[in-house]
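Same chain, two partners: chain A is paired with chain B first, then with chain C.
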Partner chain A sequence: MPKYAMVIDLQSCVGCGACSIACKNENNLSEGIFWSSKITETVGTFPNVRYHYMPTLCNHCEDAPCVRGCPTQAMHKLDNGITMHDTKKCIGCRYCMYNCPYGVISFNWEKPFKFWRDDEPVLKGCTPSPQEVVRKVNNGTATPYYNPARAETLAGARPKGVVEKCTFCDHRVKRGELPYCVEACPANARVFGDLENGTHEIKFLLGKFRAFRLKEHLGTKPKVYYIRNFNPAAYDRTKGGV
Partner chain B sequence: MKGRLWIGLLSLGILLGLVTAFRVFSTGFVLYAKTDILVWTMPLAAYIFFSLTSSGLAFVSSIPIVFGIKRYEPLEKRTVFLEIAVLMAGFVCLIMHLGSPLNVIYLLLSPNLASPLWWLAMLYGVYLAVLLASFWRIQTAQVSKTLSTLVFLIAIATSTALGWLLGLPDARPAMNGSFLTVYFPLTAFACGLAAVLLFSLAYARASGNPNPTSAAQADLYDEVAKVFGVVIGVTLVLFIWRAIIGGVSSSEVELGAFRRMMQSLSFQTELWLGLVAPFVLMLIPSVRVTTWGKVLASLLLLVGMFAGRLEFILTAEIMPFGQLGEGVPQFVSYLPTISEVLVALFGLAVMLLLYTLGERYLNLDGTQEKSEAGT
Partner chain C sequence: MEVKEKKKMKPTMKDFLDDLKLSRRTFMKASAAAGTAVATGAALKPTFRALAEASTAPASAQGEWRAATCQGCTSWCSKQVLVIDGRAVKARGNPNSKVNGGASCPRVHLAMQQVYDPDRVKTPMKRTNPKKGRNEDPGFVPISWDEALDTIADKIMELRNNNETHKYMLMRGRYSYMRDILYDRMTKIIGSPNNISHSSLCAEAEKFGPFYTEGYWGYRQYDVENARCITVWGADPLAANRQVSYYSSVWGKAIDRAHIAVVEPRLSATAAKADEWFPIKPGEDGALAVAFAHVLLTEGLWYKPFVGDFKDGVNKFVAGQEVNEEDFEELYTHGIVKWWNLELKDRTAEWAAEKTGLTAKQITRHAREMGMDAPHSISWLGGGPCMQVRGGYTAMAVHALNGIVGAVDNVGGTLKSNKEYTSKFPKPDDFMDEIAKKGKKHEKIDQRGRLQFPCINAGKSGKGVITNNAADGILNEDPNEIKVAIAYMNNFAFSAPQPERWERALSKIPFLAHITTNASEFSWFADIVLPNTHHMFEKWGYVKSIGNGYRQVTLLQPVIEPVWDYKTDETEIPWLIAEKLAERGFPNLLDHYKEYKDPETGKAPTNEKEFALYSLKYATQKLWDPAKHKGGDKFNGWEEFRQTGVWNSDPYPYRKRWGKMKKTKTKKFEFYSETLKEALQKHADKHETTIDKVLEVCFYQARGEMAFVPHYEEPYVLGDEAEYPFVHVDYKSRLNREGRSANCMWYHEFKDVDPGDERWDDVAKFNPIDAKKIGIKSGDRIRLISPTGKLECTAKLWEGVRPGTIAKCYGQGHWVYGRLASKEFGKVPRGGNNNDLIPAQYERLSGSTAYYAVTRLKVEKV
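Let's turn to the complex of A and B:
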């Protein structure tokens, strides 16, 4: 059985956010919900400042605190290492959000796709209302750009009152395709594969570079690894002074 | 007339609660001041407050039957009924906190024994059933020691498991599980004693049947007040150590949330109103023996503890981490919405109405005529 993992090369990542947009499209994410996101940081003071960008997503921890805490096993592990969620079993207690040390689980506080439920035309007498568009394009379900493939393994659009998070695009992986964020990354900064396969490229990357994972000290054994760091800045060599 | 007004007020609270419930279940939790950062807020704090108070009442009700201190028997029936009423208030707040309460069926169909939440849900289910059975036995003058012992044991389990629930996650280092598993049952006991004093003395007076009615009863309430004072004192010591260790001597980044919360209204209310003031009142003998002293101290403690439950939850949450911290300040602030306040009042109104009906129809002052130890 494969054990899936992702390596993110921070030197290649240009911080364009294509992964987050691709993820939203593929997984029918509602407004305000990001399965693929980022942590940004600005260090130093002007003029010596630098901006750091780190893409984030569910870490699919081997010892996942969200899975351990979920009272109904709605949050569970698949044999291939993916941390999966079952919308039907979720009671909306949000204990997984409380337990997740990475803050990557979102809750549907209200019915999804608020914008597309609006019956006011954007421009009166000129454009149709979002609701009309949905009715015409998609038989009144979800959004005009709804991806039905997502519904193969999870609720296509998650209802209000349950949580949701990245599934490593398990529906695509099942078909032998890469997660969509990996596919969409223009810089090939995301590498996805099987940790059990000794010859796989991610094994090479993890051996070649000093990979790190987020909050490793917690012992959750995340399956998202980061390698390298982008910093082309040069400086005059000096020993400093007193 | 006064009684009708009281029932009318409580019915209004319940009606407003039902309207809030309908609005929350039809539109979602946008009516609450919740975000993916503040995932648990006042409705859950209210649930924790009520359920811990119920556990505390179970400790009090176990004194005469489980520990055999017979002079506490006159308190037994009222205390057990209060436990039920307070627990129902907790359930109301819990339902209002959950998004898909109907899916609780999966707690049975797909249980996760590693989850503190599963254990709590199960324990509370059993707790209610055992409590009802226990009350029925008291009502029919056939007190069951077995049931009372079971209630006592479950109350220990629930109050400590709540500490496990909040304090377990490594994601929230500001919460200390070992501390909470001691602090929660201790404060539960304080709340239980406060509730007994408040309802036995204040409610009885307001409904025209002032307590105590005999010298023996007066002595009993004085003794309860003394125990109450001691429990508040111990709680205060623990509370101060928590503040010194976590808030002053530690510089750990993760405890920043706690240091921040120490300046909050909820923390200050818990400390001054909920602990210091009632402790001082119970320390002064001339105040302690008066009805108003006992009632005031009880009321203050309960208000302070409600604020305290909210403070604990917020301490765990106000410092966003990981991607949640993108574009938000280092600490987020929380102000409950009207709907959240109505949820807490909904729970309170349900509890008070149940209690009022109990006082009216179940003769809660009644003592058992017959006691079947070990049945």
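Let's turn to the complex of A and C:
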């Protein structure tokens, strides 16, 4: 059985957010919900200042606190290492959110796609309403650009009252495709693969660089690794001075 | 609507890397406890299952990836769209493209929210309120295509019958290369000189630099994968224009190999991924460029196989000392010594440090880096340094550095476009009657070519457009009034500086038709609005772009089922107008369009749909017809080309232009521009005056021989420093699809991918030192005021801003366009439009609108 993991090369990452927007597209994420996100930081004071960007997503922890804490086993581990969620079993208690040290699980406080449920046009008779567009384009389901492939393994769009999070695009991986954030990254900063496969490119990267993971000291054993630096700037060497 | 996100304390990277507040032991204990302590009642029960169940449909329909083109910015990447049951689901880079390949920058995904934007106009509509103005509701009501086209044809016929066809005007915004059908042929055959493009709002001054040095009027491609040093000037290739997808895909590798420096007053997306940031004072780029040149020459770092050398091999470029021209033997360049004597000899790093706010040490160090890495050393000219009032010579200075280090046309350097083999449409001449010929002879409404507007593009006086000045031409009826205007995919009342002039100008035009996807600020003044197809999903066409050492011709195709009855701006609509004109006894335009025959069958088009397709096949025949193949990718016919979606040129032929630069007077790379000298002289002669006078009325400081060499000019910034303490720094978002994505949810949800910006907000960024001085903190609502306008937005303190400047992104501030773009449609803008701050000023030699280092600002709390 493969054990899936992702390596993110921060030097290749250009901080464009294509991964996160593509994720919303692939997984039919409602307004305000992000499975793929980032932490940014501006360090220093002018003119010695730098901007840093670190993509984040579910870490698919080997020892996943969200799974341990789920009372209904809605949050569970697949054999391939993916931390998966079952919308139907979810009772919306949000313990997983509480337990997740990374803040990557979201809760649906509202019926999804509020924007698309609006029935008011901006110019009566001349422009449609969002609802009308969804009705015409996609039989009233979710959004006009709704991706049906998502529904193969999870509710195609998640209802009010349940949590949701990144699934490493399990529906795609099952078909032998890469997670969509990996495919959509223009910079090839995300490398996905099987840790059990000794010849795999991610094994090469994890051996070549000293990879780090988020909050490693918590012992969750994340399966998202980071290598190199967003900002590998060259500088003039000195010994400083007193 | 607006998605309210819960305001949480933003986590920092530190929290995620070494949050030692919580140990592993206590953490594991806590999470287990929470699990066992579960109660059944407290949880929120899922109340909405229907959608989840309904959507677990079998994924039988996997859909098909169809070739398309993204014109979200002018990178013009080749794409593929996943179409399921006639519906667009997602997009990716077209792997068949050698320019962008499978890479896609973030903006392509927003196209889904554009094509299905509920606020797209779904039917032709007409205005019922005869009063025009920003605060006048046009009272748009739906009408049929027939009624709309009848009205337009009647208006055109009225001009023709009155022999005043020159009062017809066509305004062009974003285009494909089908443009000439509507922009050129239709305007000419009707009989008007007034086809006005948006081009000079875009970047004409950027082309001025390469043209008057190496005779190339166009955007460059930069060979970053082979470069060892990359100096980026006011360009942000990882965020905006051009080839964002391509450069994003190779930047990680480029940083491995090259020393990258970014010259820009604010910390841009690209500066964040560079070795070095030069936070220059706005408008002082020219000082830095000539100082780099000075150091390169004094330290003997010019690339001798390109430039040549002193006859005795001894470097006589010594600061402050003139050099005898006879002592230097130039190879593929012209005028290095003249340039040194006229401009460079005193332009030391110390001198530039004072001007630019940088240090002499940093300047010298980087100049050496540039020289040591020659010839694989790029000087990357963006719009920043040259879209300024005195930016023409800065464009030359920045580009001339490529000449010094031999990077022109070279491996790891700056490249022009590769050859492509598309064809022009049939000539209109035979279809222009006496009225048309007479009408076309009138002066153009943008006043190009007048003494104070040389627009000497590609060497010819009055050749370039001066888009933003057309508003003044219309307002002052100078050279004449405009009675009937058609415009497409432009939004000058938003996208042009000092747009209030456009509001008045458009109000003044008696009949205005606008072809657009959304009811924009421009549409607000229209009498008739026609719903346009979306370029990426619904239109036939093609565009050309360059990058990665290749040129591509990529197809725009109708790949989805359109939701409403849109028609295509550049083909279907002109055909339909031509039909209506023929009905009214003026068949010339329709007869002309019937010449665009299908190359496969020889059939003339009989309706607008056939016309759209045949004209495209006509223009691209040499690319797809194996019998006419001239180079690059080869196809077995139209169908294969259409499915592939893109033709790639042959690879770049490096160094083929050394000594053979066709468009320069000397055929060499000119540091002393004989080409510019001739162009300026011709313009001066045309107006019976001197070059000095031309420069004076164009606000340039140079006189005499200085006019012909790249040189430093002091920035020309409006506003008194005492009253307006800050200089405005404008930039573009990596999510801007031109200025048209502000109605996309994902634009607002991801606005913080622009360094320093915030989600669901439009922030003006201040350096904390300045903010403290004027008592402003992050989150304050403020008003920015320039000498010509004002806007409201939110203040943000950010270290990535140079003190003394305010950086604010362009793209928001729409007061119509849609429910998300505006705060209250038709009334209140969301955020502020930078153009409301920027005065209508020009780099007059090229006609470019000035966006940068052009105005000062003051701040008020709201």
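The rule we apply is simple: the second predicted complex is superposed on the first by the 238 of 242 C-alpha atoms of A that agree within 3 Å, B and C clash if a C-alpha of one lies under 4 Å from a C-alpha of the other, contacts with A are read in each partner's own complex, and residues count from 1 in each chain.
The criterion applied here is as follows: a contact is a pair of C-beta atoms (placed from the backbone, for glycine too) under 8 Å apart; a residue touches a chain by one contact, two chains touch by 3 or more.
Quantities reported herein were computed from a predicted structural model and do not represent experimental measurements.
Looking at the shared chain after the overlay, A:M97 reaches chain B, while chain C stays out of its contact range. Contact with chain C, but none with chain B, is seen for A:K136 once the two complexes are overlaid on the shared chain.
Of the two partner chains placed by superposition, only chain C is touched by A:Y145; chain B is not. Counted by residues of chain A touched, the larger count belongs to C, out of chain B and chain C. Once chain A of one complex is fitted onto chain A of the other, the partner contacts of A:N229 are absent, as it touches neither chain B nor chain C. Contacts of A:T45 after superposition on the shared chain: chain C is touched, whereas chain B is not. When the two structures are aligned on the shared chain, A:N197 is found in touch with neither chain B nor chain C.
Of the two partner chains placed by superposition, only chain B is touched by A:S106; chain C is not. Looking at the shared chain after the overlay, A:A18 reaches chain C, while chain B stays out of its contact range.
Once chain A of one complex is fitted onto chain A of the other, the partner contacts of A:R68 extend to both chain B and chain C. Residues 34, 38-40, 56, 65, 68-71, 88, 90-95, 98-99, 101-103, 111, 160-162, 214, 218-219 of chain A touch chain B in one complex and chain C in the other.
Residue ranges on chain B touching chain A, taken from their complex, read 27-30, 34, 36-37, 39-40, 97-101, 103-104, 106-107, 109-112, 114-118, 121, 165, 168-172, 316, 320-326.
Interface residues of chain C facing chain A in the complex, by the touch rule stated above, are 1, 3-5, 11-13, 16-20, 22-24, 27-28, 30-32, 34-35, 38, 40, 42-59, 61-62, 84, 87-90, 92-93, 103-106, 109-110, 112-113, 116, 118-123, 125, 140-142, 238-239, 244-245, 248-249, 251-253, 255-256, 259, 267, 269, 271-277, 279, 365, 519, 529, 563-564, 734-735, 745-746, 749-750, 752-753, 755-756, 767-769, 798-803, 818-819, 825-826. The residues of chain A lying in touch with chain B in their complex are 34, 37-40, 56, 65, 68-74, 88-95, 97-111, 160-162, 214, 218-220. Per the touch definition, chain A reaches chain C in the complex via residues 9, 11-18, 20-22, 24-26, 31-32, 34, 38-42, 44-47, 49-54, 56, 63, 65, 68-71, 87-88, 90-95, 98-99, 101-103, 111-112, 114-116, 118, 121-123, 125-130, 132-133, 136-138, 141-149, 151-152, 155-162, 183-184, 186-189, 212, 214-215, 217-219, 230-236.
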